[in-house]
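Dropping a structure here in structure tokens format, bear with me for questions.
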Amino acid sequence: MLRVVVQVSDINNVDQALTSCNNLINEIPDAEVEVVFHQSAINAVVRGSTVEDRIRDLMRRGVVIVACRNSMRSRNITEDQLIDGVKIVNAGVAEIVRKQAEGWVYLKL
Amino acid sequence: MLRVVVQVSDINNVDQALTSCNNLINEIPDAEVEVVFHQSAINAVVRGSTVEDRIRDLMRRGVVIVACRNSMRSRNITEDQLIDGVKIVNAGVAEIVRKQAEGWVYLKL
Amino acid sequence: MLRVVVQVSDINNVDQALTSCNNLINEIPDAEVEVVFHQSAINAVVRGSTVEDRIRDLMRRGVVIVACRNSMRSRNITEDQLIDGVKIVNAGVAEIVRKQAEGWVYLKL
């Protein structure tokens, strides 16, 4: 089974990135997908963001959504501000390389 | 032999991306290279685009050029508007992860 | 041991990219990390750049910093203008795909 770790960095391209995530799971429904939000894109996973509904929809479809704690810290985002169900890792980039080392395929959006 | 699947997403960086593709095949002439255009970069593979000649030149040099049907649809681009020889896949991102699963190396430009 | 080849392309995102590199080696201190600067980001590794101190600090921490000669040429940057210790490869993109073919994990920042 295909496992894909997706990196989303740029808040200005988050809409396109989420569309691409949807396209991916529509095309490969049995893929295991984890999407890591870091850098400015971290704002997408905050409750009340313009894409909150789309993030929730991805989680409902089985996609794991991950927030980078380093990115949260540098923007003063606290854990309780995140959309329910979003997981946290210390460093988004470390998560991305570790997943690849475990055999996950990488996609940068 | 090295096989490389290249992702081009941003129309604003297409010129740089095409230069990088040329640099890649100049440096590794026997690499098998497929370049997937999606998101806003899909406009690069439409006939009459500012980079049509460069796209044609890459195909002449053996590079496979691929267009994402999802990106075409959301921009009302039809198959007959594409530069001759450009192939179409349902979802560019699915193509990119599948190629990696088959052992292709990934490059995001 | 984890080996990671990092690609930095965009000078406008170099600060974020360097922060991510630091986060990566803080989280995985024994990772072997090489960072390839190409396209507009090549200007980051020129002596006197706004991030010179951060580049030097990464090298001090064991990170290998690589400059793309093609990107240097197209911007008239000569070898003697680079920050001491920066290595040069003919084509940054070729370096990135070759490293992956040797088992390095890929990260695009």
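Worth pointing out:
Here the chain labels run A, B and C in written order, and each chain numbers its own residues starting at 1.
Note that a residue touches a chain if its C-beta (ideal position, glycine included) is under 8 Å from a C-beta of that chain, and two chains touch if they have at least 3 such contacts.
Every value quoted in this text rests on a predicted model; they were computed, and no experiment measured them.
Interface note: subunit A and subunit C, two copies of one sequence, contact each other through mostly non-matching residue numbers (shared numbers fall below half of all numbers used).
Summary of the copy comparison: rotating subunit A onto subunit B for the best CA superposition needs 120 degrees, to the nearest 5.
Subunit A and subunit C have centres, each the mean of its CA atoms, that are 25 Å apart. Residue positions 106, 108 of subunit C each touch two or more of the other chains. In the complex of the two chains, the subunit A residues touching subunit C come out as 7, 9-10, 38-40, 68, 70, 74, 90-94, 96-98, 100-101, 106, 108.
Across the interface of their complex, subunit C is touched by residues 2, 4, 13, 16, 19-21, 23-24, 26-28, 31, 105-109 of subunit B.
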